[in-house]
Amino acid sequence: MSGSDEFEIDWDRTRRTGVAEAILCEPKTPAQIDAIVASAAGRRLLLTRLDEARHAALAATTRAALAYDPPSRTAVLGGPAPQVDVGADIGADMGADTGTAIGIVAAGTSDLPVAREAARTLAFHGYRAPIIADVGVAGLWRLTGRLPALRACRVLIAVAGMEGALFSVLAGLVEAPVIAVPSSVGYGVAAGGRTALRAALASCAPGLVVVNIDNGFGAAVAAIKMLRAMG
Amino acid sequence: MSGSDEFEIDWDRTRRTGVAEAILCEPKTPAQIDAIVASAAGRRLLLTRLDEARHAALAATTRAALAYDPPSRTAVLGGPAPQVDVGADIGADMGADTGTAIGIVAAGTSDLPVAREAARTLAFHGYRAPIIADVGVAGLWRLTGRLPALRACRVLIAVAGMEGALFSVLAGLVEAPVIAVPSSVGYGVAAGGRTALRAALASCAPGLVVVNIDNGFGAAVAAIKMLRAMG
Amino acid sequence: MSGSDEFEIDWDRTRRTGVAEAILCEPKTPAQIDAIVASAAGRRLLLTRLDEARHAALAATTRAALAYDPPSRTAVLGGPAPQVDVGADIGADMGADTGTAIGIVAAGTSDLPVAREAARTLAFHGYRAPIIADVGVAGLWRLTGRLPALRACRVLIAVAGMEGALFSVLAGLVEAPVIAVPSSVGYGVAAGGRTALRAALASCAPGLVVVNIDNGFGAAVAAIKMLRAMG
Amino acid sequence: MSGSDEFEIDWDRTRRTGVAEAILCEPKTPAQIDAIVASAAGRRLLLTRLDEARHAALAATTRAALAYDPPSRTAVLGGPAPQVDVGADIGADMGADTGTAIGIVAAGTSDLPVAREAARTLAFHGYRAPIIADVGVAGLWRLTGRLPALRACRVLIAVAGMEGALFSVLAGLVEAPVIAVPSSVGYGVAAGGRTALRAALASCAPGLVVVNIDNGFGAAVAAIKMLRAMG
Amino acid sequence: MSGSDEFEIDWDRTRRTGVAEAILCEPKTPAQIDAIVASAAGRRLLLTRLDEARHAALAATTRAALAYDPPSRTAVLGGPAPQVDVGADIGADMGADTGTAIGIVAAGTSDLPVAREAARTLAFHGYRAPIIADVGVAGLWRLTGRLPALRACRVLIAVAGMEGALFSVLAGLVEAPVIAVPSSVGYGVAAGGRTALRAALASCAPGLVVVNIDNGFGAAVAAIKMLRAMG
Amino acid sequence: MSGSDEFEIDWDRTRRTGVAEAILCEPKTPAQIDAIVASAAGRRLLLTRLDEARHAALAATTRAALAYDPPSRTAVLGGPAPQVDVGADIGADMGADTGTAIGIVAAGTSDLPVAREAARTLAFHGYRAPIIADVGVAGLWRLTGRLPALRACRVLIAVAGMEGALFSVLAGLVEAPVIAVPSSVGYGVAAGGRTALRAALASCAPGLVVVNIDNGFGAAVAAIKMLRAMG
Amino acid sequence: MSGSDEFEIDWDRTRRTGVAEAILCEPKTPAQIDAIVASAAGRRLLLTRLDEARHAALAATTRAALAYDPPSRTAVLGGPAPQVDVGADIGADMGADTGTAIGIVAAGTSDLPVAREAARTLAFHGYRAPIIADVGVAGLWRLTGRLPALRACRVLIAVAGMEGALFSVLAGLVEAPVIAVPSSVGYGVAAGGRTALRAALASCAPGLVVVNIDNGFGAAVAAIKMLRAMG
Amino acid sequence: MSGSDEFEIDWDRTRRTGVAEAILCEPKTPAQIDAIVASAAGRRLLLTRLDEARHAALAATTRAALAYDPPSRTAVLGGPAPQVDVGADIGADMGADTGTAIGIVAAGTSDLPVAREAARTLAFHGYRAPIIADVGVAGLWRLTGRLPALRACRVLIAVAGMEGALFSVLAGLVEAPVIAVPSSVGYGVAAGGRTALRAALASCAPGLVVVNIDNGFGAAVAAIKMLRAMG
């Protein structure tokens, strides 16, 4: 199975949808990924869900070409985009208030890999987005203490597993659209992220929108579409 | 099928478990309920999940003997117990602060029937428990504004449907044990109460305990057991 | 159970989140709805999931005060907002091209009630959004023939049941963010909308965001938040 | 447990149903597979779901007798059948147009193992079927650009995971019967292929028929039955 | 909501896919159905899942124009097609043997409504297909006694609920492709047809293809596509 | 659709399997049931799941011929069989001890309809089986007080809904085989009987065997097969 | 955690229920199993679900005391019981006909481990039961060719995965009670054995009884109870 | 990803909710756990779900600081609390009777890891709670023989997998509140603990409260809250 006949990268996607195609590595063989990277011919590419074992099995030339981030399982071919200054940072200790940033909120430290996937996807497209971690609702003050910074964001991405209560509480506190990313953090009835997903969809806070479990990449693309389309 | 041979009321349950047996009416025929009530012979009985149609189909003598409350679908034979003064009310506008009451919290007005089932079960056993309604987390101030009253309760029963985020937020704010009653309020992925149930079980707030969907009766019995056993 | 103690409308929500609170009527009794409407005191209210039977059971004064639309099961108290001209119509036969509208796309005629709920919610907040119906992907030309109009929208709401393939196809063709509303249209494995919901979440088209099944209201609120926050 | 008493190959199946029996290796021990192959006595056999670890554990004589293809996890005993020229290739760049081929369509490169299982099963029975890869609907032109070739096929097998939107779009574009093979490609709600399966079954495109998840073998047998029975 | 703007019949579908569009009535209002029928303008239409209550609510002129069959919930506008003599009947008491018919097999009398939907759909397109009823596998002789007739069919449609064992047994006995239609007949774990559906998909008899639960219409369309494409 | 061509009663089943065929009425039309009864021609028949509405819709002559029992939804054509004295009653107050009876145990009064379906099926085949009701495990003494009678039975049928704990407790106390019939009694997570079904299958008491939810008929047939086959 | 305080073997179970307690090894640590075996003190014990890795981790003295059978994952302490001659073998090539044996039927070779667990459990209790393998219904003659032998059995245990059609076909052909053991053989919708389980429960063949997935041990105990209780 | 910015321990939780925060290690990297432990600065910490592999991967200084218990997967930083003498032991062999202890009941030896997690959590907070093991209901005398000791407890924690019948039986026998912890012990339909969970929620014994599967930690926190709040 020679890799070269097996795929057709949608290089035109940026023009058509405003966002570049990314390569979902999880179900692909190392040989397929090598072939895809080789075909890029100078164009930039984002690779997602590339775990460390699969990364280690890539050809040395492929690995050398990629900027790989193990926690988020993402790799970038062609370097990050120049920073597009959507807005200042949320602040020094995430408390700045310029009102333009995309903010990423992670309920617990275990949600950080998914939050980083979102942040790396944003960076690939030229957006800098700080991550606010460990603001789960069982200690509500951790969240309410960040409200000025959170309210300054134009779009918020929230990552939470377990029961996903963060989504409803956050969406009830801010004007910005909130994109919920249920994470697969949890055990028992929370295992796999389905409880957090259902909680996000059933939220009593209207206007919350949801993406697939652990889909930090998709949330980032949605945030970009919101900012781009709104110009 | 003569009703009289078909059941054996566990009149001894109070002595053995501290709580009287109740009659779950939902799957019983009116004739069976009539027979059970006739067999009580002066003893008190609580009937649950007795909807209005089934209540209307009972014998006139049965209906006359029962104190029926349509919203909670409960009926009491033998009158409520004399008030046992576990503690003063949570207060005039539910804000009093004597620190002894069982409190019942309902996320929305649609959760009131289940909350009332809990309150009526408590009243049957001699406990007065106020209901604090419409404190869903999408408007967080409605909940945090009640914190002094809530923190004064020795046991809290919380009723919520949809995504059930109230359970986690509340349990993170108080010292008292919180009994979560998921309600079947909601549509789409929330239909039937399973999302709220899973959210309660997967909560990031430790120490939350859970009963079956819409089981206000069970939550009340659990609260009584906690108070009784602790003396 | 006097209605007046049972609810606490979050009148402050507009200021806090940019969108007014709406009343989900489905699980409420007519008496509760009457009391809520009576408490409005001149303020505007949107009521959702108010089916014809429940509407007919409201007090005559309540019914007289409401502008009710049976297909969408929505009612408005206080009249629609003056039209905010976000953009011209998508066009005469939905083909206009001014590039500013929110567009609503419905896969089949059976998806129209949900699409109308979204349109009525938008109108209540002052946004006019045309509905493009019957563009299911089994007849792909019905969708591709509308592409210029669809590409002119800043935000798209898509409603589809059954297998929900419309979501992926549409999101692959436009730059605007697409909000997927799975509908409960279908039978067998499609019954209840879960297949369309999962298809929307698992879409191969990145950036698609999703709300609960049949939740036209939530999709409209999300669209408003996107437009408002972006200014 | 001596292998020889444990199975009874249905050698008569070809005469009775028009298609030879195949050996599903997944739940069998290497010893059982060795025994089955040894019993073939010159007859041809197709082995499916024989992963590389199990293949490596077979007896050396068994391995020597088998033509093994790791990506599709299939092995053939007795060599491929002579080519039966059902029709010319779909064409040079898959665009030929002779109208007789079975065509296999794979939504993404990750669906290729299943597509290859179908192609190998067809080859075993004497049918040559080209695979058209990477035509997922998020880049619709990749599919519509192949329409002349696709419309020339008498039967189409389509393999797709994730949301499976390809099935509906393809079936709405061609006259030939389409056999949908949901693949287990995807994560979150798509994990395991159930979302693609339900999407295929709930499709708005009538006439689509479906086989089990990842069942490229079954799809190929169905295609053969269609061609054979129709003469 | 005037019906006329809400739908766009795909009159071109016959040319494009070989099978005419049908109207799925279940989720449509009577007014929508009236408008669709009025728009036909002399063209023929098949309506499916039109239950008796909805049929009775149609305009009198609509009802007069339709040939309605209550058990199958189908109606035809424009009369049945002239008989296309695909093959003689399966025989006097369904036992004839000319080898050309499409055969429909129903496991029990309760599966007849779905079988009739398939037969009516076939008749609409000009194919006559006899129904063989009550051949469930618990009395195997009822099925094996029909084998000559069944083996004479070029395509078989099988309808079964409960555990759906008929699908596997039948597909193991004949050369023709078998299209399985799981029916929603059954109770307990069989309720809703999901057990029969899964049994069809998991069948040990290779080559079986499956459509949605109760989808006699889809099975008929698939059978027509097989016959048409094969010429 | 004339009823007479649509079914083929398996009159031979008694000879082949030791138990007569029964007619599952639930999904059949009254006309189909009338035709089946008319075809009996003096032979005896058992009809199950014939609810009162469907019974009332049968032809007068059919109703006159049937001995109908509303609680169990069963009807018998041809009268009950003469009593076959498998063993004496379990006793006066269900406490006799001759060691030969089939015993039926029902956890609560709400399980009686299913228990009666089993008893009526046994009576149709000539077996008398007493029902012991209201022995749920929450009042363990109700069960242990009956142990001598229960231990005297050669086969036990147990009917329970909710959490189905009765099955495990009973099977751990007796030597006889226990057939568990999960009932659909319960609400919330118990709704529909699936929790009781899973509990029966997962029981820690070995040797418990299980039938479908509410399937009192099937349990009775299994009990008869055990007694008959064992002579 | 010293093993000795952690368990209390139910040595009395044989007297109470007619069948000895067995040790389910799967979730136990090797140290726990060593302690249990050491506590036996000359009594016989059956160990189930003892996989090869856990067996290898037991103490050498434990391993020396056990008669271990890897395919069935069972081990016997104290040797098999003397043969109790329930009946002759089903016959030379499994065709003997003395009418007394327990017969075990396995649909495919992959079902043999579960069938062997049943056979080993029976042997432990003194019953010899032959296994008839590879009689799946896709090749019906493999089953019908064995009918004389199968009809000679007093109790039948049937093991099948995938769609489990064997259960219904077999139960419709014999008088003996049939105990269905769904196996976890299969992939896609069959993965894990739930489809076979549901098929067994929903069977159209009355009198079939069912045990948990892969529970050959439980089926054997049920068969023994049937034979013992019936004397 | 430097650990130090990623988390914010809720050191204030003890004051606010009466119970200290614990660290759920399962989804955290060893580096994150090292950083959290390093940040404790003399404060005590409980770590849960720390499996042996992850424990082994911690920094040597971290491991030296922790008191680790492999079976329960818990570790304590800062040593156990001084014993708070809630009550004497349940007794010599767990049978003492002073009426003040928290008791932990485990249905089988396989449930001990979860029971130990509860006991270790209690010890961390200063409560000594004995574990009563192997009291599954299939041997009812093992449970009833402990009744005096069990009835002496003020709060009971019960751990059971499989069908979870222990919960209902125990709750029907004692006055104390019972906290059910479903364990993931079991296979087939019991796999993962969902059957035991549903059984606990659907219990016929009123007043039972439930926590997530395998959540011994949560049950212990709930028990502490009950004792603390009650004074």
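For clarity, chains are labelled A, B, C, D, E, F, G and H in written order, and residue numbers in each chain start from 1.
Keep in mind that, in the parts below, contacts are C-beta pairs under 8 Å (C-beta built on N, C-alpha and C of every residue); 3 or more make two chains touch, one makes a residue touch a chain.
Bear in mind the structure is a predicted one, so any value in this text is a computation, not a measurement.
Path length between subunit B and subunit H in the chain contact graph, taken as the least number of steps between touching chains: 1.
Once the centre of each chain is set as its mean CA position, subunit A and subunit G turn out to be 50 Å apart.
We define each chain's centre as the mean of its Cα atoms; on that basis subunit A and subunit E are separated by 46 Å.
Mean C-alpha position of subunit F lies 43 Å from that of subunit H.
Contacts with at least two other chains are made by residues 108, 138-139, 171-173, 188-190, 194, 197, 201-202, 205-206, 212-213 of subunit C. Interchain contacts (touch definition given at top) occur between A-B, A-C, A-D, A-H, B-C, B-F, B-H, C-D, C-E, D-E, D-G, E-F, E-G, F-G, F-H, G-H. The residues of subunit E lying in touch with subunit G in their complex are 107-108, 136-140, 144, 162-165, 167-169, 171-173, 186, 188-190, 194-196, 198-206.
Of all the residues in subunit A, the ones that touch subunit D in their complex are 1, 5-8, 10, 12-13, 21, 24, 26-29, 32, 36, 49, 184, 192-194, 197, 212-215.
Those residues of subunit C lying in contact with subunit E across their complex are 71, 108-110, 112, 116, 133-135, 138-139, 141-142, 161, 185, 187-191. Residues 16-19, 22, 154-155, 171-177, 179, 197, 201-202, 205-213, 217-218, 221-222, 224-231 of subunit E are the ones touching subunit D in the complex.
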